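Each in structure tokens, the structures are laid out below.
The same chain A turns up in both complexes below, where it pairs with chain B and then with chain C.
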Partner chain A sequence: MNRRTLFFAAMLSAAACLFAPAGVRADEKPRSGGELIFPVPSEPPSYDAHREQTFGVIHPVAPHYNGLLRFDPTDPTGTKPVADLAESWTVSEDGLTYTFKLRQGVKFHDGNEMTSKDVKASYDKIIFPPAGVVSDRKGQYAVVKAVEAPDPYTVVFQLKWPAVSFLASLASPWNFIYRADILAKDPHWYETHINGTGPFIFVEHVKGSHWVGKKNPNYWDKGKPYLDGYRALFIKSSSAQVAAIRGERAHIQFRGFSPAERDTLKAALGDKITVAESPWDCLLLVAPNHTKKPFDDKRVRRALTLALDRYAGSKALSKIAIVKEVAGVQVPGTPYATPPEELEKLAGYGKDINAARAEAKKLLKEAGVEDLSFTFSNRGVPMPYEPVAVWLIDQWRQIGVNVKQQVVEAAAYYATLKKGDFEVAMDFQCGYTVEPDLDLYKFTSRSKNPSNYGFYEDKVLDDLYEKQSKAKSVEERKKFVRQFEKRLLDEEAHYLMTLQWHRIIPHSSKVRGWQVTPSHYLNQMLDTVWLADGPTQ
Partner chain B sequence: MLRFVIHRFLLMIPTLVGVAVIIFLLLRVIPGDVVEAKFMSGEGSGVSAEVLQAERARLGLDKPVWEQFAIWFWGVLKFDFGISMWTGGPISEEIELRFALSLQVALMATIVATLLALPLGIIAALKQDTWVDYAVRIFSIAGLAMPSFWLGILMILGFLIIFEWLPPMIYTPFWVDPWQNMLQLIWPALAVGYRYSAVATRMTRSSMLEVLREDYIRTARAKGLWLKLILVRHALKNAMLPVVTVIGLEFAFLLGGLVVTEQVFNLNGLGLLFVQAISRRDYTLTQALVLLVAAAFIFVNFAMDVMYAWLDPRIRYR
Partner chain C sequence: MSATTEGVLVEPASAARRRRWLDLTLSFCRRRPLGAIGAGVVIFMILVAVLAPWISPYDPLAIDFAAMLAAPSAQHWLGTDAFGRDVLSRIIYGSQTALIVGFGAAFIGSTVGAVIGVASAYFGGRIDLVIQRFMDILISFPLIILALAMVAVLGNNLPNLIAAMTVPMIPRCALVIRSSALSVREMPYVDAARALGYRHTRIILRHMLPNVMAPYLIMLTAFLGQAILLEASLSFLGLGVQEPTAAWGLMLRGAAVEFAETAPWMALFPGLAISLAVFAFNLFGDSLRDALDPKLRTG
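Moving on to the complex of A and B:
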């Protein structure tokens, strides 16, 4: 075995560990029955996923609904769209027409049959919302010209340009299919009511306390769901969530725990606990405000990224915080992620930290700010903002930069960023699936994208974004994603990546059929989940 | 007495109006609003400024402040507190269940505190400077020094480590299943009641010591009255004035002030709702909660005033 083979073998085994399927045993036959109990650290503001942003909607509400497509619940990368209410689909040669054939005989929980007019009405609400209706992700469907329902079991999407990410957009976990008749009468009805086609029927929501769903006996996917029902407990305190699992009052918490909480549960419950881990499609970013001097100078921004020893940081921080992987603009192990050996060529990603810091000092000297000092605005959220900020400040101190941290209350934080009232700030991005269109949009010019808190304009970057989005093949798209990444993180250093979040799900070993992915928004329909009799590890 | 009661009752109204005005204005001073908190939290892709403005208009936040106040206050006069700006649900629904839980915990903690504080305080006063007094004082100082949420954490850990058991996670009303209800609420009531009793024990002890040195107690003892009778009929009733004040104010505080203890025991109470409402800039819910807690304090004060008159007939109100 030569060195290259050994390297690939090591990479494969590392990837296997990163995405180790949790609770999935290919040789086991799913068992029906039981109630899955899980804490949810947030609560749905309304029940309408088309308008909301928080996973607090997805976790308790998603089991009541289906989408047109979904992400393959067995895929650890959470990036492969598969059929849900659609049975099959075709794409026209020019890539502008997507035609979906729907499953027949699918019933809403109120007994009405689901047809193409329901799919059309749901997507019209998402893409072309009527006045007064909020659609949070409307911008992601700018490519859609029209949604048509030529017959009861066919839906057609006409696009303005070919979009390689379109199927992934349709598999979004937010795109619940609602009943057209109800939306026609009151587009706000779904904010306070539930009526889907999903595997579980709504039973009750006791505000601040819990949410209950029971098995849909008429579910179109025969034999599923396996569970008799589920109960989501709204528990904000992480220590109370840990206690719930440790006291076996709950089976799993789907968002994630800290390393210390994982270790506590494992030490207390041993084999009764299975730990599923994955890189997490969430990231803390450092946004240097380009409208404030000297952060308009790319030498200064490059110096700040060169000062970071991400590899040592990963080792230290992953023991105490929910961050781990060193990554570029895509989650490691997913289709468009930059391989580690290529990533190392970017500024701040090299393995020789002394050389990088020497270069950083040189750049600061050239920029005339050898004794640079600034205020770093951080969000008042302990995990992982606090440890990551402490790490950053220490790293910058090692190139002679003196940084004062200013912690802003969580609720007022984005108002501060929006106003641009900061020098350098911690920013955040979290995606529902790993998809370059979603992940890279944040870094396009401020004039295009109000959530760019670097306040910069970069036409080259905007152009690369368009090119990757409209690329005709995966390989071509990869090329543009790499170029985008190099310009963003290396040449211009508009934003600084810290470390990829790391998702840790310690759960009861009884929980089977659930796959951890890089997104805490995915795999929440619970149709494939079942409970084994007892611990089997 | 009736005139006094009516007078005190009517005085509650301007106090509540004052609270309503102050909280309404204070909330508008805090940076950000509910629309920003909901749609600019950073987890989503961002919503356009036009949509945010439309949402503000839907919630009535685009109107001048005086007009918002007038609409809200007119609703309050009709006991209609409106809808939560965060969930869109009626405020009454949001508060109803949490209020029942918080009220029960407050009542149970008060019972625990009273059952501990009165006998311990009296015994400590009667046995002043003996080992009994020292033991009671150590017990009460420990209660004062130990935050109730910390005691709660110790209880939870104790249950988990020693008994491998945890109290129920979901609130069951007492009238639905008294056993489940008690299994969940007795522990926070004990944790909170212990700290609460510590304050009341020390107050009872010092008040009793003061009363036991009064001339009328000496006279009663000189006449050869039975000690138990002296204590119950003459000393205790007079020593109760400051104790009633402490117990009453603590009770009102418990209704909305158990934020951390509620989190430790995962109680769906008013304290946590309060914090969430403020951090989400849910103006209507925060206003309703502040009014509710203010009303509880005012009502408890009113009840205490009435009780003073009953406990000590020397108190005359005009």
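Moving on to the complex of A and C:
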């Protein structure tokens, strides 16, 4: 296979991604049967999604559960909350009361009926965890005053203030609904056991090997799921995952592959492989430590962002790494994303790179650091940290800044960030849905938000965050999100955005009914997925 | 062995000494052609490293996205990598990293090992026992495992890398040198030095150490090859020198693995450079050992 053929294959696959209709095709009738097999690069630390943060839980465990809401599995942006266990809902005029009507006749896998008591108990565990119970997303629900269950099929959320992002928060893929009676007896039971209402029933988990689920014959959504079952294979090595798909021993890996791996699979299997791609709601950020000189000077920070030719970087790096889109604080193409022509007005986003670099050099001179050199701390994870760091160092070299890279082992990396023991560091943000409340919180002042590794205080930014969160209309909110973005990336250059991650899922063409989204946490219930011509042998 | 060393040391005329060295070199080349080839490659590698700024066709750090993954051609003799950087230029500059780390670790490791080995043999008794058991503990760890542990503890900058590679070499050298030093300890001139009341440091450094130079040089050359391989291994594992520094082991990881099928030159040429350097040092080291060891000397 020569390079020209490979390039052609890559172009074909890119074209297929752009123009092929997503998910279930209108002219195709879902077919029942078969076992979906997929490698998972990480293993679940526990089975309780309320306390965990890794996709290693979501991918094998989510098919056993439902949430109150979910994100529309056919929506490529992954931003539209739709009903799951809730049948319908109403919001009070003041935006402080959300009332949900639940589906009736939904059964847990142990045969008990799901009622509002279970929803309340699950959300109480997430929002108001009892002592000794870990809830990773407790802070996300600070707006909730109380969860009530006035009757078996009604759940009411009382809020402290109106929050436009509240429905998206309830559609979180982490919020599995558990049985209240079990939680009452032992709030840790779900860390080691499975009992949900989802489309698949738990069969077995062999640590270090696999996880198996089988079709729930009593699933409340009649006719679904289509699959007889699924098998998640725990395979850490990326090349072994590619080999599994290349050898047609697995159908899909839901997290994503690199461009080279995509091209290898496409070249080897041709039409047997379909490539789904999407901007990924994950981003590598550059955090200049404001407590270290000269990074307390915004001229220096602006110079660093002005040096980056993001458009050329996007074009080239997207061929070798899982990054692609040039973006501001929101994933391109999603409701609050800044349009490209407006984004170009921000520092470091202009198309004239020579003018930008001339300005960068001028700013460094004004700041008295023409011969700036510093150590760039990077996380010891190869993809995409390493290629992005090489690119950044090269870009900064072009304005005369000399940068040495220090790679910190992955497990020790966040300790380094938290201590502020760095000059400039690579930081990271990844979300389950594109929602300004979730995405912008990281950039508020350090005193409000411990994950701000720029170590700055900015009251103006905090105020804009509050305003966008409490905005009454989409247009008003957009205005505040843009102002926030301009201050963060241009006026103060507190953080530098690199390139948006790009999710590449080359999968067996047999897999249908699955829509790629900007998050590898979404669309993992597998209720809509089917196999075009039966199981892989 | 010691008689030969002493013979060289007592030669008074510098011209005669130069002539003698030339004769020895020519004799070495004639009798051990493989060793001479190894020495030639080593000298070539040193020259390439020293002359890198003048002979390198491109800046080894300069990214050129227009030339990404270019196959070997007239413009780029050994092709380019995933960032469009010239592979030949990175190999040329990579020889600097290999030699700095290799020579640094091998020289420090062998020298410290030699001093410990001689001291251990000289003092004997309980001191010897304690030192040898400690060396036994260190030597029980495989070279790469101990180096990995050291890098994990110290962090992965260049001085720490050299330190991490030095520590596993010390006990290996100390054990070999000690065995030679045990016989030197019994020599009359050591007894004479003791009788004259010289300090232990003087006896060890001036009277014993020069007489174990042959095994020291053999260990040093053997370690050079090992050190280059170890540096490449640690860099390949992401624990050695870091991008964008040019280093052979570093050139074998990341994109070189991902694009192994479509751009094999990215891994092939740095791999060849590592193999050639290690092979050359080993050939030279083996021949040196044969030449300096009276038991193996032929003709």
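FYI, the second predicted complex is superposed on the first by the 510 of 537 C-alpha atoms of A that agree within 3 Å, B and C clash if a C-alpha of one lies under 4 Å from a C-alpha of the other, contacts with A are read in each partner's own complex, and residues count from 1 in each chain.
By our rule, a contact is a pair of C-beta atoms (placed from the backbone, for glycine too) under 8 Å apart; a residue touches a chain by one contact, two chains touch by 3 or more.
Note that this is a predicted model, so its numbers are computed, not measured.
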Review point. For the three-chain model obtained by superposing on chain A, do chain B and chain C clash or fit?
Key: fit
**Study point:** Which superposed partner A:A415 touches (first chain B, second chain C, both, neither)
**Key:** first
Review point. Of the partners chain B and chain C, which touch A:W391 in the superposed model: first, second, both, neither?
Key: second
Check your understanding: Is A:C430 touching the first partner chain B, the second partner chain C, both, or neither of them?
Key -> first
**Study point:** Which superposed partner A:A355 touches (first chain B, second chain C, both, neither)
**Key:** neither
Exercise for review: In the three-chain superposition, say which chain, chain B or chain C, touches more residues of chain A.
Suggested key: B
Exercise for review: Have a look at where A:V474 lands relative to chain B and chain C in the superposition and call it first, second, both or neither.
Suggested key: neither
Point to revise | Angle, in degrees and to the nearest 10, that opens at chain A between the C-alpha centres of chain B and chain C | key: 40
Practice item. State whether A:I320 touches chain B only (first), chain C only (second), both chains, or neither. Key: second
Exercise for review: Return first, second, both or neither, reflecting whether A:V460 touches chain B, chain C, both chains, or no partner chain.
Suggested key: neither
Study note, to complete from the structure: Closest CA approach of chain B to chain C after superposing, in angstrom, is 7
Review point. Which chain A residues contact chain B in one complex and chain C in the other?
Key: 239
**Study point:** Of chain A, residues touching chain B in the complex
**Key:** 44-46, 52-55, 131-132, 134-137, 139-140, 191-192, 206-210, 233-237, 239-240, 243-244, 246-250, 268, 410-415, 418, 427-430, 438, 441, 449-451
Study note, to complete from the structure: The chain C residues in contact with chain A across the complex are 61-63, 65, 68-69, 71, 82-84, 152, 155-157, 238, 242-244, 253-255, 257-259, 261-263
Study note, to complete from the structure: Contacts from chain B onto chain A in the complex sit at residues 30-32, 36-49, 51, 54-55, 58, 86-89, 93-94, 97-98, 153, 156, 159-160, 164-166, 168-171, 263-266, 268, 272-273, 276, 279-281
Point to revise | chain C-facing residues of chain A, complex | key: 1, 3, 6, 239, 258, 260-261, 263-264, 312, 315-316, 319-320, 380, 382, 386-387, 389-391, 393-394, 397, 404-407, 409
